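Before we start, here is the structure in question, set down as structure tokens.
Chain naming follows the written order as A, B and C, and within any one chain the residues start at number 1.
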Amino acid sequence: MSGGAPKPAVLAPAFLADALRIARKDLLIEFRTRSAFMAATVFAVLSVVIFRFTWDPTAIPAFDLAPGVLWVIFTFSGLLGLNRSFGLELSDRAYDGLLASQVSRESIFVGKVLANLAFVSGVQALALPAVALFFDLHVGSAWGVLIGIVLCASLGLAAVGTLFAAIASNTRLAELLLPMMTLPFFVPLVIPAAQTSAYILRGQPLEDAMPWFKLLLAFDLVFVTACIVVFPYTIEE
Amino acid sequence: MATSAATITAPGKLPEAKPIDGFLAISIVAVLAVCVRAIWFTPVDAMLGAAQKIFYVHVPSAIAGLYVACGLLAVSSILYLWLKDERLDRLAEASAEVGLLFMGIVLVTGPIWARTSWGTWWVWEARITSTLFLWLLVLGYLVLRGAVESPENRARLSAVMGSLAALLVPFIHLTVKLFRGMHPGPVVLKPEKPSLPPEMLTTFLMAIVAFMLLFFALLRVRMRWAALRDARTAMEAA
Amino acid sequence: MPIPPETGATGVAATHKGSGALLDLPLAVEAEGLVRAFGGKRAVDGVSLTLGSGDCLALFGPNGAGKTTLLRLLGGLLKPTKGTTKLHGVPLPGPAETRRLVGLISHHSMLYPALTVRENVRFAAECQGVVDADAATSEVLRQLRVLDREHQPVRFLSRGLQQRVSIARALVHGPQLVLLDEPYTGLDEVGALAFTDALRELKDGGATLVLVTHNLVEGIALATRAVIMRGGRFVYDEGTPAGGFDLPAFQAQYRALVHEGLA
């Protein structure tokens, strides 16, 4: 090794670069294995089909049932993806290597949230059209708003879900424990999202559903921040 | 002095186990006394009938289980993350379990009252729905505690969940209130407290005191049990 | 040729060879009264030691002696319950940048099975802030003789090859302190030789090694100091001058102290 004057041949840790690199890594692994995405998509399509064929159109109009279907699929398919978020780190203890590097804990968390957000959004990109198709919904110009609601809800789901996935990965029954812990947390997320989308699907403007939408945004703001703050405590030190 | 991480339990000494807990005995007597007073020595509500007397159990349990227990759980979780004192962890654990019990009483007495008064088992009323979600939340918390092997990890991870749960409570209340507000349902939900005649008010206040005594007595017993268990684990590990 | 890139925190370690410290330079590792408890149990119970650049500490001992815990304490991966530890004068656990000084190798591969050899090592390099991650990756893969497999997903490699990739992952950023937790597990002869060569180069370049192993021969090969741990403490400590390590005597001590507990 040559001595002499120190040469800055290393970069200081950079939050965004680190987070994006970790997100890219997680998505690359998911792309290669495809296991969780397949499971989530199959679940979504199956659910849509089952709900469609058990539905009596004369009893309930489509735009009353569709939000419920949509958000049930959202929640449970999301959970399928969240499980593997830390599973991939722990199979050969790659997580130890990541924690021993200079990347900050917060960037690890944000990176994984971004990957989970992409995952959940990806599943919704298939589920939404499927629901619209099977329930013969006339969304029209409201597509933009609907997609916006889905993205906001996905962010909250990804943040809370990633944090609890980190907690659950320390336990014996991670796959069973994750839904148990997170479902009460998803209540103030999914209900406002479902209510807002119900208004949209009935053809009402977003302004009518503002109290619900504001609640959804407040949830995102509070919990994304809180989860970033609290994530380092999930790591044993 | 410890620089950080866990406090080390002094090995070799088990805390004393008392045969009879005076505080618990007194509180049980108090609760029984209040029940007797409520049933035989308090006037029957003219409008709602005898079933209204469940109110003397239902509301004090809600105060103890929801406000006090969940409040203690939230505060001790947050403080644990800051101070890392294992006594805070035992307080969180005990509050969660005793709180679950009292919230369970609320969830059982509520439907009984609803059934006898209005003929339905469940009403999606704001407060009892919130209680249901909180009950599930605390249950999840306790399941997490049961699933983590190492005591240090268990304390730390459940404190994380407890802290987030503290933030969640206002959101649950807002969600449920908004739901009720925009979907008006059955109107008669709960009698207003201020308009109670003096004898009923006295019984009510006595009930609150008695149930609070019971809550803290059970909390103390549960915490002592937890300290005993932790000391024994420490002794076995050393 | 040592493993690139020239590591940056200080160029000091690069010019510094051999054990012991020059008076005006911080020691590589300074641990004082280290205690780490899990629940009520003390895994490490009062350990103090100093190591300079170019030192290699071999840690022996029965399972549960606290070796892995001590390793992690020295690398700043765990906080001590009591006591202090410093890495090149920086108290640990320090700011995130100090983690870059450390390389961790264990019997777990710490790899992502679905990613290729190159992707795994490059990811580690970038996470450790290496500027030219591609070049550094190529170099370290070449040194450990796995360059020909660089585009294979790790899960298709044999255990021995995976271990070599794991070592590449840990060394790509040229760490100053290398923590090795039973690294020879699963390595075949070729791999073990390549690995020992790479470690020797690092050591000669001024890095400090802490090696936990059950294998006496491999452990002693590079050691400047050998310690037997039991119950969280050092029960036998042999610091060696350059050269001359009384292997038979040490073996006798090892048998006595380690196997004693099983009798």
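One rule holds in what follows: a residue touches a chain if its C-beta (ideal position, glycine included) is under 8 Å from a C-beta of that chain, and two chains touch if they have at least 3 such contacts.
Computed from a predicted structure; not experimentally measured.
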item	value
Chain contact topology (line, ring, star, complete or other)	complete
Chain pair, most C-beta pairs within the contact cut-off	A-C
For subunit A paired with subunit B, centre-to-centre distance based on mean C-alpha positions, whole Å	32
Inter-chain centre distance, subunit B versus subunit C - centres from mean C-alpha coordinates, in Å	50
Chain centre separation (subunit A, subunit C; CA means) in Å	38
Residues of subunit C whose C-beta touches two or more other chains	79
Multi-chain contact sites of subunit A, meaning residues that touch two or more partners	236-237
Of all residues in subunit B, the ones touching two or more other chains	5, 152
Partner subunit B, residues of subunit C touching it in the complex	36-42, 79-84
Subunit C partner contacts - residues on subunit B that touch it in the complex	1-6, 8-9, 11, 150-152, 230, 233-235, 237-238
Of all residues in subunit A, those that touch subunit B in their complex	160, 163-164, 167, 170-173, 177, 180-181, 183-185, 187-188, 191-192, 195, 211-212, 215, 218-219, 222-223, 226-227, 230, 233-234, 236-237
Residues of subunit B touching subunit A in the complex	5, 81, 133-134, 136-137, 139-141, 143-144, 147-149, 152-153, 156-157, 159-161, 163-164, 167-168, 171-172, 174-175, 178-179, 182
Subunit C residues touching subunit A - in the complex, by the definition given at the top	2, 5-12, 14-15, 75, 77-79, 93, 96-100, 102, 104, 106, 108-115, 119, 123-124, 126-131, 153, 169-170, 173-174, 205-206
